[in-house]
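Presented below is the structure to which this report refers.
As written, the chain order gives the labels A, B, C and D, with residue 1 at the start of each chain.
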Amino acid sequence: MLSMRGIGKSFLGVRVLSGVDLSVTAGEVHAVVGENGAGKSTLMKIICGVHAPDEGAIEIDGRPVSFGHPIEARRSGIAIIYQEFNLLPERTVAENVFLGREPVRRGLVDRAAMEEATARLLDELGENSFGPRDVVKRLPVAQQQIVEIVKALSVNARLVVMDEPSAALAEHEVESLYRLIGRLRERGVAVVYISHRLREVFDLADRVTVLKDGSRVTTLPIGEITPGELIRLMVGRDLGTYFPPRSAGAGEVRLSLRGAGNHRLRDIDLELRAGEIVGIAGLQGSGRSELARAIFGAEPFTTGEMIPARPRSVREGVALGIGLVTEDRKAEGLALRQSVRDNVLLVARAVGGGNRAAVGGLLERVRLSPARRDQEVRYLSGGNQQKAVLVKWLTMAPRVLLFDEPTRGVDVGAKAAIHDLMRELANDGMAIMMISSELPELIGMSDRIVVLRDGRIAGTLPAGASEEAVMRLAAGEAA
Amino acid sequence: MHLLTRARPRDPAQVLFLALLGLVAAGWALVALDGGQFLTLESVVGIQQRSAALGIVAIGQTLAILAGSLDLSVAYLISLTSLVAAEIMAGQDGNIGQAVAAVLAVSALVGLVNGLVITGLRVHAFIATLGVALIIKGVVDHLYDGPAGAVPESFQVLGYSRIGPVPVSALLWAGVAVAAWFLLSRTRLGYRIYAVGGNEEVARLSGIRTGRVIVLAHVLCSVCAGVAGLLLASRLGAGAPTVGTDGGYDLESIAAVVLGGTALAGGKGGVAGTVAGVLLLAVLDTLFNQLEVNSFVKDVVRGVVIVVAVAVYARRTQGRPA
Amino acid sequence: TTDKPTAATEPAASAASTQDSGTGAQSKFFVQADFDAQLAMRSQTPEGPEDRPWEQAIAPKMIDTAQYKKDGPYHLCFSNAAIDNPWRQVGWKTMQAEVGLHEEIGKFTALDAEGKDDKQISDIAELQAKGCDALIVSPNTTATLTPAVTAACEKVPVIVFDRGVETDCPVTFIKPIGGYAFGADAAEFLTEKVPAGGKVLALRILPGVDVLETRWSAAKVVFDQSDLQVVGVEFTDGDAAKTKNIVSDYIQRHGKIDGVWMDAGATAVAAIEAFEDAGLPVPPINGEDQQDFLQKWKDAGLTAVAPTYPTYQWRTPIIAALRILGGEQVPETWNLPQPKVTGETLGDYLQPDMPPLHYALCGCEDLPGFPEAWGGKKS
Amino acid sequence: MRRALPVLAVLAALLTAIALVNPHFLEPAGFLAFLKRAAPLVILAAGQYFVIVSGEFDLSVGSLVTAEVVIAARLIDGDESATWPVLALLIAAGLLVGLVNGVVTTKMRVPSFIVTLGMLLVLSGAVFLWTGGAPRGALSEGFRVFGRGGLGPVPWSVLILVVLGAAAIRLMRADFGKTLMAAGDNERAAALSGVRVDRVKIFAFMLSGLAAAVAAILLGGFAGVSAQVGQGLEFSAITAVVLGGVTLGGGRGSVPAAMAGAVTLEALFTLLNLYGVSGALEFTVQGVIIIAAIAAGAVRLPRKPTPRTGDAHAAS
């Protein structure tokens, strides 16, 4: 029913998609996979009229369409679950679900109908922990995610796009999502399903399309491919050989936690050693970012002890020689309208200290082309933005550096560079903690993997542990 | 910012109505000590008369602010519309129809301009409406150097008649308030005003044409100002080029709205709070009148009250972001 | 029920346009008859005690007030347009002091409308409920306050002063001779002192205020008949900085200004400074009876005149109210004398110990609390 | 700087237009006179710039100016010897008002629009409560010289303007300026980089208060005591800053551009005054030009992403 041909798109000069073809037939579940930053979400946003493609054509039932506004896409029966947060925190669940297409009776919004329909959909998802009238901002992320799913389903679309819908869900919730997708399929609804969890892809999909660096590698019936091959297609080479070699051994303890906790973390015991990269795994909402932020002093620990000291503020964290490369570059990492130079010098200027003279050398080291230094950061590619964030911290020569999703939305080249750099830093004696949702990366980089679940440490795995082992701990199935 | 640290806040409107009761009680006591009587028929009527015009403007302002915008042009628009009304009526009952129509048309047009400058030319609402305010001021000052036109007896009913203790003007205000409440809680436009004010991007991704919503909010806001202009014209028996600015309706309406617990950033709040906010200011006024406190003390107290109130809401609703 | 007065109101305005000499069209507030009357009054000798000009009246047409007679103590009420400028400030102090003189006044209730017509309308309504024996009103604007005053007339004896209303229902309307006289005094002075063909700059505070419109319209008539050339009529908003800027602009543009006419003295000093800062002699100019101007006048030895709009008129309404309640006759229109300060009389009015914005003709020297209450120092 | 181009164009056009009507304007004396007139607004704009670039508003400067002048007059009361102490006091008062604005805004999380609106009411009320409704007292010659006199041909106000302008530019180049910018651009990122967001914002408000104090000294000096002296200055200042291409909401624009905006606005006033057609219509022209100039400078910015918690502290 949907077919896209030769889709191309660039943002601020960065090419994100080129010549992508995608066709989805009614009643099919079509998985789209690819590394972070491969362009999956962008492609979906084009399907849904958020972005207009620079090149290429979209057809629905053989009729060419071009959406200038999301509402036009919806009118032709397309619904989407966006990857990033897309709800109004101040409004109720029902109001969010029917946002922009509230049912009306005699010209008036029909609250009853709205809430009833919402309640029904919640039941179908087996979700009974909250109701249509709850205000969204009071729901935890996982439940907020459910609301987004319901929002998409309520459209009664012929094509439902799901961009990492399961990212924040617990096992049983994923189960009911499966059931739901099954029902959609029976109704002849087409589903485009994006996920980093290959298991889901193999459980659900009829066909899978692999994106890499913004172009399509292939599209295959799921039966004709194994997980191993799929990963190879996504990454383009064998993982094993790809990541930099691990360090000889860990040095002295730089930082250690004993029974540390706060509003979302419980008795965390953790040691970060010089020269070691510790990987933190866990589902979204498991508290990984919270852990990093707590160590850094942004949302301090309230209980337990931290050696050398428990920072009560960011500045104290920095003073202890701790740095945090935040999860969300655009919202937490960079002042987008300031120049690269001003961004990399920000910490040094704010807290004092730091080696400003070294900046030039550091920018060289991360191979951030000199031409770009006086450019506003927002004009840089995701990869270069991330490099800028890195340099911002390297200027402070931290003893402990925390990475939260360091390669999210970063293209493969920059990704490799960042990986190499992280390892170099470790070898130079820095203690590194790395959060990543991307298991291959996590496993490839880490000397040790600590798995979080619901704000507690679910277990620790040695280097080279299997994805399954990690997922089992993370999802809380009997190990 | 986190679920667990967030205590369930009471709706500011409720808080405010409680405060209102408290104030009335306090007023009663104070005036009694002063040997007077606080809630005489006249003072009750006075409170309503005094709040009607501001109340109506504030309702409109609420819509603009909820949509994430704001309107600094209302004061001059009020002056303009009072003149339009009085000039067209020219003392003739027969002209009332046209006059009202003209006022609504003029104000709607101004609202449209405000909205289009903001959404189309992408000028910040603050500057856009300030600029439009200047434009109107220029026109008014150019055309008029004093009260003009005449409002026929029959229309002055609006400004002076009352049913028992309730002035017609207060009824008009109530009408506007109910209409706005209805709009916000029962119509799509209302829902979308909240959505756009809450988060324009989310609204857009959910298929809302955010531009239109903002423009409409401004049209409604200006129309409310127009209605206030009609009311004032009927009270003054003529149009006055300074009635809007003398009343300080621009900043006072915004103050009343936030006093009513509507977030200046938009997407949060409602008319109930605004009504309470306006009444609170009016009761304060009356109280000061009765105690013959001079207008300077009044300003000081007003300023403090507004800031403190908003600070209280801020406490209730949000912790500190990381 | 309605709080609306029954009396209809018709704006009384007849324009009289004359040949142009840079003064523009005549104000729609101009009324020839009033103009003539006021100019005539200037030469008439007022009746009443020599030393108490606030009790004097020019050509009074007395009316009987027996129907208002009642026994004290009295409750007097006052609806004030505003106290937002020095003139009203001095007047208000003076009125309060006057009230202090009379123990037969049991209660004095005053509401300040803060310059808002709408508020004054509801203030007047509210005051009627306070059981006042007499209501004094200083209207914020003439036309728009008329209905409210008319309504009040039906309940209590009303005394209007300063600005008028478009109805004769008040028992008495107290005012100095008026704006025409003020404007003419100043204009005539300039026609005397400024050489023929000289360039005159007219500075007005803002348009639309009747008491100010009359001043200008009178000046216009005088200038139109003179051989002076009015090079500009500008509005200053009563803002000193703006006044100074405007004057300097005119000096720049015309090289030389031979006379300055002002409809109010508040910013006269700023205008004078504009000449000083430009290093030019100060041309003939008029101000008002404010101390800073009188001081400047004396120090710089200016050729100047200060027509007045005496603040002692704030005493009269209290006196009038008591007479009315006492059943004594009062003038229907109480025209107070409106002296002007000239080179000869300057000495009598200059009071170095009073604040610069104090008005010399407050008639408050004999009142309790003077001068401290008016911000002055005991000498 | 790109965003400042429209304003510079407008400025050039206005200046030529003025020069056409009034050749004297091009002579040093004429131009200095113009600058002297512009100085207070330009200084106010520079102060307002710090607040706006940090993502806030300061509506209190207008009534602060009035308050300062009235206070000065009452305290000095014509006594020369009181001049310098009072000057010091005015500066302190300005800083104090800024401090209060800043603390309430940042610590109590009240939108600065409201805080400074409240401050506007409080100041205008309090000062006249104190003087009993109208200004009293008088300024000393020593006080007035800053607004009236000059060093040879150059007015003091112009010298003060130059000094303060230079200082403002230095300040924005310094660490404070950079961190302030970052805080205005992305408060979260700044906080997570160790910027004391509250502190820099409070400091910005204090700078605005300081600017108001200086402007008051110049205006009072120029024309003497008056109750209207500060009327509407807050709007003029904000307009000027925005005219200079500084975006409300923070993180963009430069001090020189903001000050250029103020000069432009003043040039506009002067021009309209010179052509002096109808005193009234000039407001209309003013409004149109402001909207047009700013619309010309406006550029589309990519929307800020929403954090997952949705707690993006939108409050202005």
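Some observations on this one:
Keep in mind that, in the parts below, contacts are C-beta pairs under 8 Å (C-beta built on N, C-alpha and C of every residue); 3 or more make two chains touch, one makes a residue touch a chain.
Note that the structure is predicted; figures quoted are calculated from it, not measured.
Summarising the inter-chain layout, the chain whose CA centre lies farthest from the centre of subunit B is A. More C-beta pairs touch across one of B-D and A-D than the other; that pair is B-D. If you average the Cα atoms of subunit B and of subunit D, the two centres end up 29 Å apart. Averaging Cα coordinates per chain places subunit A and subunit D 44 Å apart. Our note on geometry: subunit C versus subunit D, Cα centroid distance of 36 Å, whole angstroms. Centres computed as Cα averages put subunit A at a distance of 75 Å from subunit C. Looking at subunit A, one finds that residues 86-89, 137, 298 touch two or more other chains. The set of subunit C residues touching two or more other chains comprises 83. Residue positions of subunit D touching 2 or more other chains: 133, 188, 191-192, 279, 306, 309-311. Under the stated contact rule, the graph of chain-to-chain touches falls outside the line, ring, star and complete shapes. Chain pairs that touch, as defined above: A-B, A-D, B-C, B-D, C-D. Residues of subunit D that touch subunit B in their complex: 57, 104, 108-111, 113-115, 117-122, 124-126, 128-129, 133, 187-188, 191-192, 235, 238-239, 242, 247-249, 278-288, 290-291, 294-295, 298, 300, 303, 306, 309-311, 313-316. Here subunit B touches subunit D in the complex through residues 1-2, 117, 121-124, 126-128, 130-135, 137-142, 199-202, 251, 254-255, 258, 263-267, 294-304, 306-307, 310-311, 314-315, 318, 320-322, going by the rule given at the top. Residues 12, 84-89, 136-137, 141, 144, 296, 298, 314-315, 318, 324, 326, 328, 330-338, 342-343, 345-347, 349-351, 378, 392 of subunit A are the ones touching subunit D in the complex. Interface residues of subunit D, counted against subunit C in their complex, comprise 22, 24, 30, 33, 37, 78, 132-138, 148, 219, 222-229, 231, 270, 273-274, 276, 279. On subunit A, the positions that touch subunit B within their shared complex are 50, 69-71, 74, 82, 86-91, 95, 99-102, 104, 107-109, 137-140, 151, 263-264, 293, 298-299.
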